[in-house]
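Starting off with a structure, shown below.
Note that the chains are named A, B, C and D in the order they appear, and that numbering of residues resets to 1 at the start of each chain.
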Amino acid sequence: MLVAVLAGFILAALVPWLQPYFGERAGRLYALLPAALTLYFATFLPGVAAGEASQAVYPWVPGLGLELAFYLDGLSLLLALLISGIGAFVVLYAGDYLHGDPRQARFFVQLLAFMASMLGLVLSDNLIALFIFWELTSITSYLLIGFDHEDATARRAALQGLVVTVGGGLALLAGLVLLGTVAGTYTISEIVTQGEAIREHGHYVPLLLLVLLGAFTKSAQVPFHFWLPNAMAAPTPVSAYLHSATMVKAGVYLLARLHPALGGTDAWIAICSLIGGATMVTGAYLAVRSTGIKWVLAYSTVMALGTLTMLAGVGTEAAMVAFVVFLLGHSLYKGALFLVAGGLEHGTGTKDLLAMGGLRRAMPITALLAAVSALSLAGLPPLFGFIGKELMLESLLAAPFAGVLLTLLAVVTALLVVAAAGAVALRPFFGPYRETPEVPHEPSNAMLAGPAVLGLLSLLFGLVPGIPGDAFVSAAAGALSSEPVHAHLALWHGLTLPLGLSALAVAGGALLYSRWDRARAAMRRIDAPLYERGPEAGYDRLMAALSDLARRVTPVLQHGYLRYYIATTVLTLVALVGLTLITRYEGGLATAIDVRFYELAIAVLFVVATVFACRTQSRLGAVVSVGVVGYAVALFYLLFSAPDLSITQILVETLTVILLVLVLFKLPGFVSFSSPRQRAWDALVAGLLGTLVTLLLLVAVDHQFAAPISEYHLAESVPLGHGRNVVNVIIVDYRALDTLGEIFVVALAAIGVYSMIQYTRPAREERS
Amino acid sequence: MSLEIALPILLPLGFGAASLAAHRHIALQRWLGVAGTGALLAAALWLLRSVGREGIVVMHMGDWHAPFGITLAADLLGASMAVLTGLLGLATAVYSLASTPIGHERYGHWPLLHLLLAGVTGAFLTGDIFNLYVWFEVMLVASFALLTLGGERAQMEGAIKYVALNLLASMLFLSAVGITYGLVGTLNMADIAAKLGEVDRPGLVSTLAAMYMVAFGVKAGAFPLFFWLPASYHTPPVAVSALFAGLLSKVGVYALYRVFTLIFTQDVAYTHEILLWGAGLTMLTGVLGALAQTEIRRILSFQIISSVGFMLMGLALFTPLAIAGGILYTVQDIAVKIALFLTAGIIFRLLGSYRLEALGGLYRYRPWLGILFLIPALSLVGLPPMAGFIGKLTLVRAALEEGAWGITFIALLTGLLTLVSVIRIWQQGFWRGLPNRVADAALLTGERRDATLWLMYLPVAVLAALILAAGVYAQPLFALSESAAGQLLAPQAYIDAVLGEGAP
Amino acid sequence: MIRPRSLILQTMARLLLPLQLLFSVFMLLRGHDLPGGGFIAGLVASAGFILFLFAFGIPATRALLGVDPRSVTGAGLLLAVASALLGLLGGDPAFTAQWWQPAIPLIGTIKIGSPIIFDVGVYLTVIGALLTIVVSLAEAEE
Amino acid sequence: METLMAVLVGIAFAASLYMMMRRSIVKLIIGLILLSNAANLLFFTAGGLTRGAPPLIPEGAEAPAGAVADPLPQALILTAIVISFGVLAFALVLIRKAYQVVQADDLDQMKGTDT
């Protein structure tokens, strides 16, 4: 199974080398991989139908609980088949769709990597591994949406999708880690068995919210639905893939997968069914309102995702069966419709439904294929979409929470979707013929293969629902609930309430389609204000506010004034060290005053010179007083038994003064730039630091917890160090490494000085 | 006798001295540059191998037994950091062959490079607090000189802030060392830890801890002490920026890790709480700064700060997993930052600008460069399958296990904002078409060839491959970080190794 | 600053330089036992050269030195590093002191050790570095 | 004496910081020089003050006669003095160069790299 997941990545990595050899035919070659994978996964069907699950575990980072664990049950098999199966057609289709495009190689790299990530996602049995694949789908789909990257719209859409899904992904990460911590394992198949313990844990609500946030952003639930239609900027094969089978399904897949662990609580049911229901209606409404073919389809996808979320929320056995059937049905018809839309766009040069008309003569096969899949979308018999819709209505009527409301929403949705399906399947092909930018023509066979097969399946599964029913619907639905499920799918359930509601919806939808143009105009009038304050405007405003915040905050901190940097640093020191000292130190200060007269004299000299250096307006005065401070320090060293220090200090101070003189007299004289108020404030900060240092030193000299190690140095200096000046022995022997560092510092300073003075780089000098 | 611990310090010192002595012979200096950094990498790898096999490696310099002389001591953290120093030194040296202006080479680029690395490895490997100060200064003065090499106005303006603030921090550090010596009469860090461990005065020890925290906080670029970093890091030639970005602030972080696991562990509830606040604020201010910038190197400079927040977060949480996460994050971040800066240098070579508004067309003409950029950029954001993801995952997991909701939220939010800030480079520089105002895109489009460009690509490619490999095959790095964290949290072993069994 | 090349200064510098150099070597060698050492000695020697520089200007100083001060710095650093490596050659840790006490006719027994070689390295580095700084500054002033 | 010295060190720190917060780069350098002296003096005081007993061992003796000053802080401060000298020499030339390229002594005119 590892090979199955990795194969896509490996092939993606090989594409840059394969492409030059196979050129235009490369797409057909790559399609062999997903096709082979479909066959491979199909071999699991009998086992899964019998209720078995396959597992494979490869260690990855054991210390983190991260392993490449794969688990194949009904649910993951269903999705794996959809991904690889539709993937094969999409790859095949893309080769022709991008005919002659020099970026083909790039496209296939991204597409194959996306497919592999998606497979990894649905097969992972480890929360972290699932998350890794989850993020990989976000990244690869970012690259795919932004494929036409020199177009600003595509860039914007790609970024929007990335920010929304990665943002949600981060919440998901926290949620999954929390879930793993609560459950004590990251293995999903173990987690789902301990649902009760998890639901009763104190962290249940936060972790549920985090996981749902991740799932909802990925699956474009209200109010995060806006990124999905914008992602239409992607080339059509991508849209098909992203929207039909895959990325957006990742969120609802996660809901389904974790349902046994997290589902069934009031919070779960309420949030999922209400958000799902709202998304469903919103998606359907917006689909009717749109005129771009891909937009209609994208919004109807939003509708489907909302439906699935709602069903996952309802969570009854019937809802689970409806979930699986609806998911399968949607993947089939939506994949086909996107490929048809791509064919239309390819054949006519426009995406606008209003610009098309009467194409049934020029593109009869396309028209037929569109009709089949659109019927399934509209939920009309005998197509598979009908079965899904009936099951949904049935389960909603029996929903434990807000059943009436949800049913009502579903009927309204069904009505709207019928109209939208009409717009897609009827509008371009019937009515008067309209001129399109390109002379309409049928797409190539490779491009028709996908919609044909998918449409056929919609029809076949609708007519003989036992095929999917027996093969995996029961098994998949069983994975969603804790108990085994036996689904009996049938086209005809008798004259039931759902059937009546469906009929009502179809009639209403047909009516709406007949007044489509007027209805759209009315909608636009009504909802215009909503658009200005809708979620997408919110996203834009949030991003703008973010930039604005950054641009406001940063100059407050990084303002360029060195003196405030210094003041901030010092005040931080005073705050941290000073507060610690005041609040936590228990003990006294050294106060013994034992001062000789000459020491006091030097001290006075030191203070006077220091203060003078600060106050003087003359450069020479400053230099001299700095020198005096230095010599006073040297005197202290001498008085307190440090002759080496004293000599060094005198020599260094002399040299410093020489350098100061050499440099300062090239510079302007002292000027007071600061106001008296500024100076007072600076003096306050400086005074705080001075006080702190004095206090610290008083505390330090009052304590000595251990005898200094220098007793050893004194004792061994002659016998082992061969020297009687212990300071020098320390410098060249005991601690020679310090001295080595020190001379390197001096040498480095010399290099720096030399280069600063001697080397001025001519402007824009480039190396030849 | 463990020669391998002295070599990572002495080799760059020797090569630096030799490069200085050979100041007239640039070709020779170039050879010494690559050979010296290569030798450093080899020696550091040898050291890491020894530490992995035998535990902490110790050398008492001058044969003066600890605590009387200076003792070098390498645990897994120190040795790994030395390896990274070698790796990045080599990467920068190779990159410099093609990118450093000839005048810079003539006026000291190569000796400065070696000596900067010597200061960095010295800081990573010394076991003596005063000696740490000395290596800080070696590193600092080398960085001063590298920063100002070229003498442009921006460099001078940045350097003044860099010098003043770092000097202030050095003096604080020196004062803290003085007070430490006054209290316990010793300088060996293991000995300080042992002796302070016997002192039951948490208030006093915490005060001292706060001094070190501020001093190292400046060096690390933590909030609110980071100002010098964004003011200066974008001003020198890009190879130098890269080296600074990769290594310098990490030395400050390393020093915090060292003293706050070895010495100041008496009042963790207090000191590490402060660190945690610092970590969160550092992340947020750093990433907000990055969002406000429109020039690649400035964006990256602020990102350095934000990353430092993540490193501190690991230390502040102070659990084995958190520290492992912090180390892992630090290790990958070093490679990430240098790779990003080096990529920025390639972009500059191709388009002649670092300003986002003047970039474009890179993905169309240089898709491989795009991949080389995306790998470290995604690692920076913390997205799989890069090494940065493993680091961030470990940190988040450690934080959630501790119930540290606040820092988790900030860390995740920072991740998202980081994405927004670096993806702009991608959107503008790589995805957008070539803007009209680009003066000369002949190199980009391949109309003009540049024979040395591969020397710039090579180090980036190697680093990107390592980042990707460390993310996909994450177990070795994670295990290393885990063991390193284990060593840090069991300081007695370090103390015993340095002072000898049965030491006080 | 380097204008006034008075005769007195020149004479003084000419006289003082050898004395200061001699004194610096004295400080260097006695440093192990009494106050002094490589750094102080290096400062003293540099002071002599700096005085000479002020008296006679840069070309004369360069001619007197004969080598680029940067080379002196490099040589001093190499010597210091080499003395650190001496210990490694003997199988001891770096910097391990190696002492020899050869008897030299007329002078008697003297002690030579790697710490003293190290101190000579310090001495040379300090001279080289200081002269690099001062000479470049002086050059910039002209 | 330690008490007096602590006060002196505090004054030196305050003075150096005050100078570092001026707008003039020349004053900045004066502040840095004072700062390094202040830090060295702090170290010296923290290491303990001893009058008139330098850590020298008389000719012929193996160990010092009686108590002498602690040699270790002295050696460390020596190192610190030299390091500070190197850094200050660099900083001094840096401000000179900065003045040359910016043509002003005012730090407020040197904030182009921040914003």
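Convention: contacts are C-beta pairs under 8 Å (C-beta built on N, C-alpha and C of every residue); 3 or more make two chains touch, one makes a residue touch a chain.
This is a predicted model, so every value here is computed, not measured.
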item: Higher-contact pair (C-beta pairs counted), B-D versus A-B; value: A-B
item: Chain B-chain D separation of Cα centroids, rounded to whole Å; value: 28
item: Chain A and chain B: spacing of chain centres that average the CA atoms, whole Å; value: 26
item: Cα-centroid distance, chain A relative to chain C, in whole angstrom; value: 62
item: Distance between chain centroids, defined by C-alpha means - chain B, chain C (Å); value: 36
item: Junction residues of chain D, two or more chains touched; value: 20, 25, 28, 38, 40, 42, 44-46, 48, 54, 56, 72, 76, 78-79, 82-83, 86-87, 89-90, 93-95, 97, 107, 110-114
item: Residues of chain C engaged with two or more neighbouring chains; value: 33-35, 39, 70, 73-74, 77, 81, 84, 94-95, 97, 129, 133, 137
item: Interface hub residues of chain A, defined as touching at least two other chains; value: 555, 558, 560, 562, 566, 570, 643-644, 648, 652, 655, 659, 663, 666, 693, 697, 700-701, 704, 708-710, 713, 724-725, 727, 731, 733-754, 756-758
item: Chain-level touch network, classified as line, ring, star, complete or other; value: complete
item: Complex contacts: residues of chain C adjacent to chain A; value: 1, 31-40, 43-44, 46-47, 50, 69-70, 73-74, 76-77, 80-81, 84, 94-95, 97, 99, 111, 113, 115-116, 118-119, 121-122, 125-126, 128-130, 132-134, 136-141
item: Chain D - residues contacting chain B, complex; value: 20, 25, 28, 32, 35-36, 38-40, 42-48, 72-73, 76, 79-80, 83, 86-87, 90-91, 94-95, 97-98, 101-102, 107, 110-114
item: Footprint of chain C on chain B - complex, ascending; value: 1, 3, 6, 10, 13-14, 16-18, 20-23, 59-63
item: Chain C - residues contacting chain B, complex; value: 68, 70-71, 73-75, 77-78, 81, 84-85, 87-88, 91-97
item: Residue ranges of chain A touching chain B (in the complex, touch as defined); value: 59-64, 66, 106, 128, 131-132, 135-136, 138-139, 146, 149-150, 152, 155, 159, 162-163, 166-167, 170-171, 173-174, 177-178, 180-181, 543, 546-547, 549-551, 553-555, 557-558, 560, 562, 565-566, 568-570, 572-573, 576-577, 580-581, 583-587, 693, 696-697, 699-701, 703-710, 712-713, 716, 733-738, 740-742, 744-745, 747-749, 751-752, 754-756, 758-762, 765-768
